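Chain lettering (A, B and C) follows the sequence in which the chains are written, and residue indices restart at 1 in each chain.
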Amino acid sequence: MTSEVRMSEGEVTERVRPQGASQSQSSDASEVATPLGVIVTEGMSVYYGKFRAVADVSLSFATNEISALIGPSGCGKSTVLRSLNRMNDLVPGARVEGSVRYHGDEIYHEDVDPVEVRRKIGMVFQKPNPFPKSIFENISWGAKVNGFKGNKSEMSDLVQEALESAALWDEVKDKLNESGYSLSGGQQQRLCIARAIATKPDVILMDEPASALDPIATLRIEELMLDLKNDYSIIIVTHNMQQAARVSDRTAFFNVKLNDQGMRTGRLVEYTETSQLFTSPKVQETEDYITGRFG
Amino acid sequence: MSTRIELQEKDYSDLFPVGEDLQSQIGGRRRREGLARILFMVVLIVAISALATLLYTIINAAFGMTAIINTVEPDTIVADVGHDPEETGLADLTYDELVVVLEGSVTNNVGRRLERDQRFYEDRFVFENEATWSEICASSQPPTGCDAAPRDKSNVLQLVNERVVEPDVVKTWELIPSLFEREAIEAEIRSEEFQAANPGARPEFRAWLNWQFVTSPQSPNPETAGVRTAILGSLWVIALTVLFAFPVGVGAAIYLEEFARPNRLNQMIQTNINNLAGVPSIIYGMLGLAILVRVLEPITSGSFLGEGGSATENGRTIISAGLTLGLLILPVVIIASQEALRAVPNSMRAAGLALGATKWQTIRKHILPAAMPGVLTGSILATARALGETAPLVVVGASTFIITDPSGPFSKFTVLPIQIFQWTSRPQDEFRNIAAAAILVLLILLIVMNATAVFLRNRYSRSN
Amino acid sequence: MTAEARSVAVPAPFKKRRRVGETLIRGFLFACGALSVATTVGIVVVLSQQALLFFLDDEVTFAEFFSGTSWQPAIGQFGIWPLVLATLMVSVIAMVVALPLGLASAIYLSEYASQRVRAVIKPILEVLAGIPTVVYGYFALTFMTPMLRSIFGVSNVEIFNQASAGVVVGILIIPLISSLAEDALHAVPSTLREAAYALGATRLEVATRVVVPAALSGITAAFVVAISRAIGETMVVAIAAGASPKNFTFGDDSLFGYILNPFEAGETMTGHIVRISGGDVSYNTIDYNSIFAIGLTLFLVTLGLNMLSRRFVERFREKYE
């Protein structure tokens, strides 16, 4: 990562703005100074052309924790997630304002190549999307592209380790040369997780990873997430509140707000420890959402 | 279990590039990316320059300086008739004036021959007399002039050009040199050695594509030849092609999309159509030759209608050509129409039937109009392709030399692409020039057709 | 209940009326569809019949036709190899030109180009595709041949040569490959691209290591269609490649200096058919029948290639549906 940091006033230790000081509705409602976050956003807004999809998000994601982003549809949670590894760069007309820092380095700095960002911040998508290659090649592809220097047996070890970490090894160890498409939906998603792990990232972003799967497969994915958090920092987007309650350490609640021009913009409403958010949320909106009064 | 712990303790950081190593790896990938972009640019430039070069070559040949020797200068002829050459050109003379010029310049024998090929006036003779005329027309082998319509002005103008002016182009230059080195070229033409080799040559900037070129019939002289016969032939042939291929093609598409059940037979028909679309066009020519020209000769030569009767009558007529090309573009029309029909939402079909209309009524009143923009676009594009087809018509038997305009579906014919083919195949330079001019005419016709397709498509989709 | 229902008369408004018009129209439409089958039958019958007459002639044997290297009807030699070789030579050169350029163009348009660039490039490719082949023939003779002669030397390149025709046929085919390959690339789901980007790949890596392999059977289908088109191309070769069969004998003629020399003239199968049928040929002579034998060969080869390409398209569709 290059060294130039864009936002000069930011110190390396991040502190989220204390609640009492904020007058505007849009600031988050976290109250404690969190430890150094692996990814920290400050005042981040995402635009698609003129349309402001998400406004003024300030969050700090902690290391080796699972953070969940929840909210009704259209609230911008996926947009926020995709901005964390510059996947929005692929959308023509998309623009990010504000600061997004990974271990203190601004990822949207003009000298930063998104390729570098994405090796360290991996992503798993809603619908499993393995490559039309063999299971082995699916895993090894990312490693090769990122310059894996090992020999064949070291690659095999890497593949095996990735599959084991994804709790898939036992099921596929005899058919590594078969196509990734020959697996069931749940297995494919675990394959995608293994694929993301194989490049040794730091953070794994998951965009509704279990929403296309049946309940049993979902359960396995959730168990896997809890397992993985020991080695990785995980940020997930989910529309399933119970899932967020089951797996995450910290939860951020987003909501859509209509501004005076009639534009629907997503805003961060509350971000706190999961147990707290679901039992005694600080903001009324959050309580309305989790009790099902809207959504 | 133990393997798992072992592997997890293994640190893979030494197997992935880090630090400087990493920077150079990423740098290498970035360089490859940049190189790829340059390569893609090169590819696109090659494609664009191929098109540009092609157009440039053609335009360059269709206009340019010539060193031309006229036996009699057009200006002299105009002056002799009594007009001012500054104001009037040879083409501005009236029909009668031109005939008079011709009368005064050609021998009687030549004149009689010309009149027998095609008369000058409906009501009087210029070279022949009444008695001899009735005699030869009553003979067993009457000349073409007995039945054919009399000449028109561009016809006679070409005659005057050919027989009186007798232009002879001895050297041509391309357009670009003609524009930028005009003086040098003129000096060369006027130089002693050039005049010695080509006495009386004078420089003239010539637009090989001009109105006379478009309106004159074919001729063995490149200086006076025109594409009229070819254009009319093309138009006749295309008219028949469309008349056949459009209804049959759209009909087949309607059958396949709206009526056909997905059984073996219909699948075979569909596969068959897809295969036919990929058959080389020359094969269709052979089909046309064997069946339309030979087997169906009584029909295609028109003899069943009592036409012809001349010994040269056979099946190599416009109708054979039109049907051959019709069969050629039929698969394309069917496939394009099928796609257009498929794009019509099913709700429209359901709505029509629910109102009590029969299937055909629904199709005729709702589905077909909705699909019409796509159907028309596809058909016009297919027709444009037919306009440019050469090989099948050569096989079917386009005439190699024909100077009379086609008079109906049973006439002999030549078409514009074949004319281009013939002229391109001749070694003399001047034929290169008129081939280029003819190509421009063809390209203009194609542009008009494609523009019509786009226009109709826009108009129809707006009114829908 | 059913027995009683059957005995009740069908109420008048619901009786099936005989709509003669509908049936007639339906019949007409079916005939239109069946005409296409008649066309194929016609082609097969006509070609086979005349070809059979050709082979039944005393002067001709199957063996000689398929293995002979000299085509001189005047002295009774009917070996098809000179014509086939010229066809192959022109087609191979055309593919060498068109494959890389067409595929690169497709990759660029599908993976890199912005809407604005596409709006410029695609119409240009469509114009190139719409130019009649006789115009390309003119271009080959008046531009390509002089250019090749000036590059490689006037004594090395004949006025009529297969290379010139081959390159121009290649240019002719580029739009075909580009559009078919682009369709195949476009059909690859975007989620695959996203996954690859998320692993930290560059655009080139995504395009060449994920998208192109995923679209491979569709791209192969495009190549096969293009080869078929090159083989069937007539006017460019008729004008620029040569007007007499390049007869040769193994052993006597130098392999690379003459037989496989692209700068020599050589008449292709299609060029030969056009030349013979455009001249004075009387029906039922062996010359007349011979062009049908060649035509049959041509038809079978292109049909085979087209069916092969369809197989690839099926495989491609299966993957993504």
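Methods note: contacts are C-beta pairs under 8 Å (C-beta built on N, C-alpha and C of every residue); 3 or more make two chains touch, one makes a residue touch a chain.
Being a predicted model, the structure only gives us computed values, none of them experimental.
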Select the chain whose centre, defined as the mean of its C-alpha atoms, is least distant from the mean of all protein C-alpha atoms.
-> C
Most remote chain, CA-based centroid, reference being chain B | A
Between B-C and A-B, more contacting C-beta pairs sit at B-C
Distance from chain C to chain A - Cα centre to Cα centre, in angstrom | 50
So how far apart, in whole Å, are chain B and chain C when each is placed at the average of its C-alpha atoms?
-> 22
If you average the Cα atoms of chain A and of chain B to get two centres, how far apart are those centres in Å?
-> 61
Where chain C touches two or more other chains at once, by residue number = 202, 205
Multi-chain contacts in chain A: which residues touch at least two other chains?
-> 115-116, 146, 199
By residue number and range, which residues of chain B touch two or more other chains?
-> 29-30
Name, in rising order, each residue of chain A that touches chain B in their complex.
-> 113, 115-116, 143, 146-150, 154, 157-158, 160-161, 164-165, 199-200
Which of the residues in chain B come into contact with chain A in the complex?
-> 4, 7-8, 10, 12-17, 21-22, 25-26, 29-30
Residues on chain C engaged by chain B in the complex (per definition of touch) | 19, 21-22, 25-26, 28-37, 39-40, 42-43, 46-47, 50, 100-101, 104-105, 107-108, 112, 121, 124-125, 127-128, 130-139, 141-143, 171, 174, 202-205, 225, 228-229, 231-235, 238-239, 270, 273-274, 277-278, 283, 291-292, 295, 298-299, 302-303, 306-307, 310
Note: in the complex, chain B contacts chain C through residues 29-30, 32-33, 36-37, 39-40, 43-44, 46-48, 50-51, 53-54, 57-58, 61, 247-249, 251-252, 254-256, 259-260, 266, 268-269, 272-276, 278-287, 289-291, 294, 327, 330-331, 334, 358-360, 384-385, 387-391, 394-395, 397, 400, 417, 420-421, 424-425, 432, 435-436, 439, 442-443, 446, 450
Interface residues, chain C side, partner chain A - complex = 114, 189, 191-192, 194-202, 205, 209-210, 213-214, 319
